[in-house]
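Written out below as structure tokens is the structure these notes cover.
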Amino acid sequence: MNTKTATPGSLDVTSVKADFPLLQREVHGKSIVYLDSGATSQKPQSVLDAMDRYYSEINANVHRGAYYIAERATAAVESARAALAEFLGAPSSEEIVFTKNATEAINLVAHSWGRTNLTEGDVVLLTMLEHHANIVPWQQLAAERGVEIRWIPVDDEGCLELTNLDDLLNGARLLAVTAASNVTGALPPIRRLTDAAHAVDATVLVDASQWVPHQPSDITAWGADFVAVTGHKMLGPTGIGALWGRQELLSAMPPFLGGGSMIQNVTVDGFTPADVPTRFEAGTQPISEIVGWHASIDYLNQLGMETIAAHEQHLTAYALRTLVDRFGDDLTIHGPPSVENRGGTLSLAYRDIHPHDLSQVLDQHGVCVRAGHHCAKPLMKVLGVSATARASLYLYNDESDVDALADALAAAGEFFKF
Amino acid sequence: MNTKTATPGSLDVTSVKADFPLLQREVHGKSIVYLDSGATSQKPQSVLDAMDRYYSEINANVHRGAYYIAERATAAVESARAALAEFLGAPSSEEIVFTKNATEAINLVAHSWGRTNLTEGDVVLLTMLEHHANIVPWQQLAAERGVEIRWIPVDDEGCLELTNLDDLLNGARLLAVTAASNVTGALPPIRRLTDAAHAVDATVLVDASQWVPHQPSDITAWGADFVAVTGHKMLGPTGIGALWGRQELLSAMPPFLGGGSMIQNVTVDGFTPADVPTRFEAGTQPISEIVGWHASIDYLNQLGMETIAAHEQHLTAYALRTLVDRFGDDLTIHGPPSVENRGGTLSLAYRDIHPHDLSQVLDQHGVCVRAGHHCAKPLMKVLGVSATARASLYLYNDESDVDALADALAAAGEFFKF
Amino acid sequence: MAGLEDLYREIILDHYRNPRNRGELEVPPATMAEGFNPLCGDEVRVYLQVADGIITEVGIGGQGCSISQSSASMMSTAVVGKSIDETRSVLRKFKEMMSIHEHGLEGDHLSPDENQPGRSGLGDLEALRGVVKFPVRIKCATLGWNTLEQALTEPGDG
Amino acid sequence: MAGLEDLYREIILDHYRNPRNRGELEVPPATMAEGFNPLCGDEVRVYLQVADGIITEVGIGGQGCSISQSSASMMSTAVVGKSIDETRSVLRKFKEMMSIHEHGLEGDHLSPDENQPGRSGLGDLEALRGVVKFPVRIKCATLGWNTLEQALTEPGDG
């Protein structure tokens, strides 16, 4: 358990696929080809089993009960916290705060750290690659407090354009950046960014929602101050995410949500908050979800994140090659053209077929891709489109899935040929 | 499906019990006697199955995808929203906002409605019965904004003391009250309270966390403005709750958490929020939890809430009688002595045995009760205790469970006899 | 399970390929409203010229998928020459047809209603009935119509 | 699975029934710290009288369950007469014994370590080792000790 494979082996995708009940299904009479892991991943049977076992054997509210199953439930939550900390490369599990998703994690920082530390005229530096989850909370703060928002631009390949970084950082109190774009697949150079930000005493929040599922994580090496992650994109259940924060920052932050568990004491005159991380975990936690997330971390560790990353890189290269070979100029792939600096997220524009129509035809061939703005409207504007069709690869995808995508694209071309 | 039984029948507890996998287990070699449903309920197999089926058959992110399983997932969420609205007696499912628990629901009101509508000197009226979830968010607001908090006192039986209600309401902008105490089992007269509050134009939030699992709900008849509920106390999974709010109030409220889905548009200059309820549902929702909650609502509807309430009232009467008969003055039961105005929540003090020690001995007999302040420290102070041992009854409990509690209490008395 | 042919009827594809009444009208005297599908970024603009309570001219602008574009185009041909009251009546009927999906949410039978041509009095618009089998696309089909509704309430010269 | 006898050793119940060093000391010259278990509402006050680097007197106040009360009582007898350094050493050893549970969180084996009387040099305090089999109660057992640690850092006359 929890033993990371030392050297990346090669992934036996057939046996991996067999672990995922949904991938055994058919839609419209075709085997399902799931290429929307960027939105949410599928779950291996072991994750479902872990949650069923939790409910069938030890379900009880945690941190409050002295009876046996409540102790077991509490231990399960704390053991998951430790597993997540180790998986992320966090120095201590006490720096892990459970949230319902990455969105809540970022909002927690905006409300608790942001409203304590940022006032009128302070600068928050975002990037044009951000997901709305890492934009809107800062815009809410900006509207409320008169904070200024600046943007790191993107270049033609959908990567960050860092030539003016120092100017942009001038006066910045916070840099909030994604570790992997959910649209172009670009992987910003986090260490370089944190170093530059720290040089001007800016705090750094990394949205690692699209990184952690796909790459080995070492958030200590990133040098970040806050990291947001979400369970459902990394084989875990819905309803669970986490914020990691440096102990000294978390300890200095006021609570966000108020309620049970997050207190030391409550009287009619006021309350005293608990220590971190409990301070930020108000009310009954998503307990079975924490347990399920732990099982997904175990699953990923067993395969090894190095192995998974190598597999995805290989598959992404195959996809880029296949699509360019088969569709040439009819198909635009937004984002870096080579696999060196990108993940397996492929945002496509095929002729003038609207992405919505494209994904509809693909669906008839069992191929699931996302059509829309992918919660990144500012980026879409820069890319000059209102929507793309996005195929995102994960550990359970293989070359046959890419071929199915290409075949379905060709069929869509036929269908809408006029 | 969803057909409520018209007249309360009697509950076949043996067959109900058989539906709950955890209740088939043993702890310390004894059959488990679960009396902590006030903290969280156990789950019937049908709820676990619904979630497994969701993950195995239609798992996909909702409101974003045009492919078949994403459509199915979206439909499942909206159908659960409709089922919950009907279960609560809400006028429209568009007034249902999903949250991760009741705590988040109350915080949503405090942040979005509270920070828009309350300023220095405004009065928030709470009751001494409240759970920390319905206290701390208001204390946070009070500390930030200079809002004044007042308290409706409780009488000797742990019920609200309403003789000075009009004075207390004088100048109040909000009344926040629980529909059922999680400590004394008291059931405040909600309709009377909302009428009195509305007479002075105060808004009313009802914390229905401990009501909805146990009694037929008709929130329209309550006349409340906001109602908070939580899934895990009503046979549903962890990680899901909801806020109901009157359409005109919700529509006038700014977003709380910012992120994906809750927007109409986002540009570098700012965002336009979506309509309700989407406006308040940022990021990936607890989808499988919503599906599981729906299954728990179906389960409750199938048995009929009238039937369940009648069973619990009968069982509570049996418990009160049994405990008084067997332990007389050695045992204090905080809260109303008769079943007319109380739920099946029994907060106990047995001789001078500390509740923590009591629950430890009970655990050895397989009896799960909660020991502590039950997230209601202001109330504990009024009751003159720092903790109680709380046994809370639910639909799957029967007289044998009460007898087991009594036997275990007697054994604890023996163990700590000195 | 529904197939592509339920969605992409020939008449729909025809309106997509050859959108009718495409273009802007001068505001005022025309009224204009703008609609928006936050899911996919589709936009529709509806221009209305009303004289003596009759819609004399319609203009459609914006961009989007085949369903949103063709539905707006079909809408434009359906309401030109109609009175405001008649237009509201068509609007109501169309939205009723599209709201069938509400009953289809419960489970497998996403669309219990089968096509019943001629029953609704919607004529060509009936071709859009198949959209209810694809609930996500309903918002595409109704986008132009909701925008029309808005445009009807804009103060104008008519 | 652990039984009650692992938790409620005779010596623990004895300290609960007959708490040692119960009472308050005058502050100053003594120092005082107050500890708190937010889970169950237990409170402990620890008074320390220090002279020439030696703890000459300890007072214990507050209220709580058998484990928190007896552990505080046993703590008081263990440190009276000891130097500050010796006290810190006992404190560290005790907390080490209590932290075994961290390794026990992984699954069924809540307490892989069996009793090893005499190994730790903690004497009577060894009786509290069984508490690690009941993780929720560890906070009860350490409450008095954490409060002692706080009291040691309070500025005092010693």
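Points to keep in mind about this one:
Going by the order they are written in, the chains are A, B, C and D; count residues from 1 in each one.
In the analysis below, a contact is a pair of C-beta atoms (placed from the backbone, for glycine too) under 8 Å apart; a residue touches a chain by one contact, two chains touch by 3 or more.
Here the structure is a predicted model, which means the values were calculated and not measured.
With centres computed as the average of Cα coordinates, no chain lies farther from chain D than C. Matched by residue number, over half of the contacts between the chains of B-D recur in the interface of A-C, chosen from A-C, A-D or B-C.
The geometric centre of chain A is 44 Å away from that of chain D, both derived from CA atoms. Taking each chain's centre as the mean of its C-alpha atoms, chain A lies 31 Å from chain B.
The centroid of the Cα atoms in chain A and the matching centroid in chain C are 37 Å apart.
Among the residues of chain C, those in touch with two or more other chains are 1, 39, 134, 137. Shown for chain B are the residues that touch two or more other chains, namely 27-28, 64-66, 68, 70, 263, 265, 356, 360, 371-372, 377. By the touch rule above, chain A contacts chain B in their complex via residues 21-22, 25, 27-28, 32, 36, 39-40, 42-43, 47-48, 51-52, 55-61, 64-70, 100-104, 106-107, 110, 128, 131-133, 135-137, 139-140, 142-143, 149, 151, 230, 232, 237-240, 255, 257-263, 265-268, 270-271, 282-289, 356, 359-360, 362-363, 367-372, 375, 377-378, 381. Across the complex, chain B meets chain C through its residues 1, 63-66, 68, 70-72, 74-75, 78-79, 82, 263-265, 274. Here chain C touches chain A in the complex through residues 1, 3-4, 7-8, 13, 17, 39-43, 63-67, 134, 137, 140, going by the rule given at the top. Interface residues of chain A, counted against chain C in their complex, comprise 27-28, 354-357, 360-361, 364, 371-373, 377, 380, 386-387, 415-416, 418.
Within the complex, the chain C residues that touch chain B are 1, 36, 38-39, 104-107, 110, 134-137.
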